[in-house]
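Data first, discussion second: the structure below is written as structure tokens.
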């Protein structure tokens, strides 16, 4: 078994089917050794786990769970693109957009749902640079969107 | 004639003059084989095609046309930077910000204006990763801003 | 003395201590010759220089000063990651998020606080691609967040 799939299994997780893009783009592009994964929404079993803004419509806790799901979706996309998640040498950057109201400042807590899971899965190689910001509204009224940049072993 | 300029011509399009940055940055930077193009606004003939938020001030259809114009402007910038658009090997990533109101979820439709045109122009090489998100307000009150990452042939 | 530290000194500036990430990520990741620096907030002496939105809570002038501070913080992070800022060959891209109200269009003025300082410090090598956009709310209610991409000498 692959070390990363094994690790996911140990964490009680498994890769979902890679979500289809919701529009005219592709899930991921490999440019030399950098894999750019498109912004992922918190789809689970084909539906968004939540919609609306944090914290009025979606609690911080629920949004954090959504961020974890975005990671699973992003990894499913990466696995499809690479054939094998063990080719990921490093999680380089995560961009996290949180749909929220004016005055909300807990985007880092929400984004930690993604960041902590990446480190649980990849260990030291999962430690990444990050930008987490608020957004007035996201596609399909999702509460969060996360994009990923991975470095691939040469 | 260059294949890409030929393709633009077939589509009834031509490159505008590359827009000047609206502030203290440069239109594009080439780092090894990656060309980073600054966020483009929907300038046409020196003026923004529209201002305000989608959909209250700018319809989805009008914003989609703006997204197409951002592509033409971004390609004009890339052509200036590279000397020759045929050096573009792949459109890697598109970042699309749509000025909108809370609850708006059709950023993907608007961003498709950019994504579909890139594929019409570049074919398979135009298929890219994408992040499309909403923004409370954009420079000069533009309804859309699009940035581009291209991979250049080695 | 290093040319870049010398230049900072000439400008009457010095590097602060590199801010600690406010959550579960790392300040910077080097992928081959690209250094990705996490989104920086305008911390100075351990506290945010301002909070709230531009221009209602924070003037454009104050936000511009905040953008300059984000550069100093980002350079402190880069210096920690690289050991030596003189290894920076080029500032490639700056992503600037400005917390603002609907209808605000002066994100470029605010972001110039970052862009102009980078050019004062690095000269021609400091000229970068940029995306500057508005955000409904940023981490800890900061008025600005800036992320950086540097190319490192080979």
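For reference, chains read A, B and C in written order, and residue numbers begin at 1 within each chain.
Note that contacts are C-beta pairs under 8 Å (C-beta built on N, C-alpha and C of every residue); 3 or more make two chains touch, one makes a residue touch a chain.
Every value quoted in this text rests on a predicted model; they were computed, and no experiment measured them.
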| item | value |
| --- | --- |
| Neighbouring chains shared between subunit A and subunit B, ordered by label | C |
| Numbering shared by both copies at the subunit C-subunit A contact, with half separating same from different | different |
| Between subunit C and subunit A, distance of the C-alpha-averaged centres to the nearest whole Å | 25 |
| Multi-chain contact residues (two or more partners), subunit B | 34, 101, 135-136 |
| Subunit B to subunit C touching residues, read off their complex | 21-29, 31-32, 34, 36-39, 53, 95, 97, 99, 101, 135-142, 145, 147 |
| Complex interface listing, subunit B residues touching subunit A | 33-34, 90, 92-94, 100-109, 111-112, 115-116, 119, 127-136, 149, 151 |
